[in-house]
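Right, I'll just put the structure down here and ask away after.
Chains here go by letter, A, B, C and D, matching the order in which they are written, and residues are numbered from 1 within each.
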Amino acid sequence: MPSEFTVRRRVEFSETDMAGIVHYSNFFRYMETVEHGFYRSLGFSVVQDRHDPPVGFPRVHASCDYWKPLRFEDEVEIHLRLIEKKEKALTHQIVFRKVTGDGTEEVARGKLIVVCVAKKADGSMGAVPIPSDMAAKLEITNPLPPPERG
Amino acid sequence: MPSEFTVRRRVEFSETDMAGIVHYSNFFRYMETVEHGFYRSLGFSVVQDRHDPPVGFPRVHASCDYWKPLRFEDEVEIHLRLIEKKEKALTHQIVFRKVTGDGTEEVARGKLIVVCVAKKADGSMGAVPIPSDMAAKLEITNPLPPPERG
Amino acid sequence: MPSEFTVRRRVEFSETDMAGIVHYSNFFRYMETVEHGFYRSLGFSVVQDRHDPPVGFPRVHASCDYWKPLRFEDEVEIHLRLIEKKEKALTHQIVFRKVTGDGTEEVARGKLIVVCVAKKADGSMGAVPIPSDMAAKLEITNPLPPPERG
Amino acid sequence: MPSEFTVRRRVEFSETDMAGIVHYSNFFRYMETVEHGFYRSLGFSVVQDRHDPPVGFPRVHASCDYWKPLRFEDEVEIHLRLIEKKEKALTHQIVFRKVTGDGTEEVARGKLIVVCVAKKADGSMGAVPIPSDMAAKLEITNPLPPPERG
């Protein structure tokens, strides 16, 4: 059962800033891309309107540690590992690796905690259990150990 | 009756790109800021849910001509002129001026055409007349003549 | 010789807005993606630092006409046609087509005019001829006729 | 001496996503806005080219915890507290409060760790001490205690 997912993308010009590197906020957009691709790989969309009531997965925590920059036209591998599954929440570890001539080099590492929510009778959103068909497909894996940094 | 509106804002770091200037797509975000501020100045929000049915104002055309760049921390004046009002559509001229030590200098000029839409009985969106209370407050003004460019 | 280029991408969640559709400014980011891919397909990067002096291609005009929205997870084909080549400027026509079950459907159409610039002796940027090795690879094609709109 | 800084801004339409709320990555753009405003309030720009060598302040860590959403046209107060100052690094706590009819309500809380870097003789970037004129103006304050969450 899948507990990991990887996408590759090329850095766009519009994602850089005047320092010549990918703006740090865009790593959070990249995290979302791999997260949604992961759900799609399981046969689900993050927009879960086929469940009743429809559920969503807002973030309650997002973080990223950066040690090398990404630049325009760099190819980057974004690797998601589902490292914790609770009744109503998932924790993803996200690893960013720049594709180099002879392999990859880790440049940043992030974490996302998402909560499953649905609209309650009073119209507000509240945490609910992850739908059972989705939960059944989610298996956790070990987090990667902290990177060795030179 | 108001037919013009101006906002000032400072260029954010995240709006620049690796060329050291504001990314061209962000001028379209600036256009929207002044457009929405204009509607608010009339007592309306662009999210018109107090009308029945609720109406929205998607763009059918957006354009911009650029002749000078904007840079980080530049202060920019964004000036909207409502230059055409039809039953179901509005045309805005948008002028971008960099604030300099002794005045302003025009750096770009844009145009937005927005159409008033509402959800139809079959669930799709279609053009509808601008609500009469809003239309009554909208008065057109002359477009600025083309800028002289050195 | 290449005068057209096409990329496909899937709409990201972060590209949508509260109207549930791709924010209109993001079509300009998509245009840049296909433009840069086009240059890469010719063996060039938009960051032309191997020329002396290094050249860049800022926009002097960008426009888009929209007739159908794009939504989250839609697959979109972005098709560039180089329709005009001058000594110092290029004009690209950009066609956006949503991939549907049995083909594609045009949803928007844009235009970009870019000028080749280099740093002048006084430090300012000015228009210069497109480098000859690049110009030699650029061949124009006919623009598509205006779309038929129902 | 200043160790705190606050800005207010209104949520823009382009900052929302199809869930109808501010996209989580935009909180990181907001953090940067208050961070740069803080430096400006001290008489510095984040682009420190008046120092020799010029220094910059890339992030090595960014995080945010979210408990309530922000929506279009909400007014939000973004409050920075400098909570740690090292020779080469600063830690900022960032508090997001939605402005309500009768006060404010905390909706999210973030942290940024930035490192002072300059270009080294070999062309690469490396951590350097924060310039003394800037360091002299920076005084730390206590972090806010964790929010009480209902």
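FYI, a contact is a pair of C-beta atoms (placed from the backbone, for glycine too) under 8 Å apart; a residue touches a chain by one contact, two chains touch by 3 or more.
Please read these numbers as outputs of a predicted model, since none were measured by experiment.
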item	value
Chain pair showing more contacts of the two, A-C and A-D	A-D
Interface residue identity across copies chain A, chain B - same or different by half	same
Centroid-based (C-alpha) most distant chain relative to chain D	C
Inter-chain centre distance, chain A versus chain B - centres from mean C-alpha coordinates, in Å	34
Between chain A and chain C, centroid-to-centroid distance (C-alpha), Å	29
Interchain centroid distance [CA atoms averaged], chain A/chain D, Å	23
Contacts with 2+ other chains: residues of chain D	13-14, 18-19, 21, 25, 29, 32, 47, 72
Complex contact set, residues of chain B against chain A	13-14, 16-21, 23, 25, 71-72
Complex contact set, residues of chain B against chain C	18-19, 21, 24-26, 28-29, 32, 47, 56, 58-67, 69
Parts of chain D lying in touch with chain B, wherever the complex brings them together	12-14, 29, 32-33, 36, 40, 45-47, 72-73
